[in-house]
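See structure below.
The chains carry the letters A, B, C and D, assigned in the order they are written, with residues numbered from 1 in each.
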Amino acid sequence: MHDFRFFHPVEVRYADLDAQRHVNNACYFTYMEQARLKYIQQLGLWDGANFDGIGVILVDQSCTYKAPIAYGQHIHVGVRVTNLGNKSLELAVSIRDRDTDQEMAAGRTVLVAYDYLSEKSHPIPDHWREVIRAYEGTE
Amino acid sequence: MHDFRFFHPVEVRYADLDAQRHVNNACYFTYMEQARLKYIQQLGLWDGANFDGIGVILVDQSCTYKAPIAYGQHIHVGVRVTNLGNKSLELAVSIRDRDTDQEMAAGRTVLVAYDYLSEKSHPIPDHWREVIRAYEGTE
Amino acid sequence: MHDFRFFHPVEVRYADLDAQRHVNNACYFTYMEQARLKYIQQLGLWDGANFDGIGVILVDQSCTYKAPIAYGQHIHVGVRVTNLGNKSLELAVSIRDRDTDQEMAAGRTVLVAYDYLSEKSHPIPDHWREVIRAYEGTE
Amino acid sequence: MHDFRFFHPVEVRYADLDAQRHVNNACYFTYMEQARLKYIQQLGLWDGANFDGIGVILVDQSCTYKAPIAYGQHIHVGVRVTNLGNKSLELAVSIRDRDTDQEMAAGRTVLVAYDYLSEKSHPIPDHWREVIRAYEGTE
């Protein structure tokens, strides 16, 4: 069982495999990134087009590998915000088999609210807080 | 208009973009590879699991870039066999916008029938010829 | 034997390999891109920093695969301009083993002079012509 | 200052950049992987060729991003073993600017001794312990 309201499906590409014939470890972070951006778009916090206006920067992430991912496996990636700080927000990420719900990997991502044009961090905008709390059902 | 019976959808990943903020040129070949393998699987010529038994090796490919591909754009890749030689087969590939049918890139791929265990090329098996001709509707 | 004045060394990364345990076919184009940009930098035509000012756009490329490239193999990539048209220039690219000089792949790349800000092609600047001709020793 | 005896240089590729025009976050793990494998090869624990005999599997990793990495920046990646457990070993990884020694990112990697053919973990071989302790100068 899991606690993710949001999932994004990812197709495993042949090019994602490495010489061990499973998805390369760095590629798990590509899957997490793709799902994270789709989450932000789903919540209406980014338009998917203005790369200077994405509003957050990645400062820390980790992945615990639980099982190898194979070519042809049906995968989706759960994302949810687990903590809202002053400037930073923390996400839990879960790469799972769509057919069996097996968790293939669990990730944790820390983002900081950031203005790419001025290259400065800033407090998370109130609008972000409200939208995320409403979506995740936290008060 | 196009002549492709087979199309495979590809999701543009944020990680496919480069500093020009469009899909990187090498990534077009990743899209073509993914569609090519799905085509071979669709025709029942590869099981998607036995990497030593994929039966073909890439010897030549090209891509003509017609328009940049953006993050969020809905893309699919058409594949068809355009020529069956003795040992080689030639594919036409077309990366197109799913919404507008605009062709973003046109590719050409030459594969040779190949045994990865003995590392030797060989004539295209009759079974491949029959299946491909039946699928493509060529005699 | 080859006719390349310019070579750029590329380290094969483990992540460049695919399930066939050799460098993935799309990655050859990444190697060619890297060498092409270093060539343009070497000739003083790009500063390596201003991505809007790179001055050329890729319109066509191809690769003939001659031998698989292995992890740990010492590779370098030869680049030279083989034709200067009005708006387009054509490059020959050669991926070779640094130790044996074996050619692993031969590529051909067509670039068009391009202004990324106005999104328009234009004739190759005279300065580019002069610098390329001087470097390549063509009149 | 740092405590790494081993460093591996990595060339930033244009294809490593993303739409933010810096090295993509997942690519940091590719750099860490490349350095980690070269470390294992440097210590004579892997021959760089037998992918079934690499002897370890990745179970956990993290990265703290300290500064964006630019195209053309001279980078190297420090690796050292910081802990040897029964079955697992922990590595510290540091991506640094070769010119200024600035740390761009700090990573932590947990590997488990693993037989890819039987798909089973096992205690770290005594030979590995001895070689790593001798190299790192720990008792």
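As a convention for this text, a residue touches a chain if its C-beta (ideal position, glycine included) is under 8 Å from a C-beta of that chain, and two chains touch if they have at least 3 such contacts.
Here the structure is a predicted model, which is why all the values come from computation and not from measurement.
Taking A-D and C-D together, the chain pair joined by more C-beta contacts is A-D.
Over half of the residue numbers found at the chain B and chain C interface occur in both copies, marking it as a same-residue contact.
Among the other chains, D has the CA centre that is most remote from the centre of chain B.
Note: centroid distance chain B to chain D, computed from Cα atoms, is 35 Å. Rounded to whole angstrom, the centroid-to-centroid distance between chain A and chain D, based on C-alpha atoms, equals 24 Å.
Taking each chain's centre as the average of its CA atoms, chain C and chain D sit 30 Å apart.
Residue positions of chain D with contacts to 2 or more other chains are 14-15, 19, 21, 24, 26, 30, 33, 51, 71. Only residues 19-20, 24-27, 29-30, 33, 51, 57-65, 116 of chain D touch chain A when the two sit together in their complex. If you check the complex, the residues on chain C that touch chain A are 14-15, 17-19, 21, 24, 26, 71.
Across the interface of their complex, chain A is touched by residues 10-11, 13-15, 21, 30, 33-34, 37, 48-49, 51, 70-72 of chain B.
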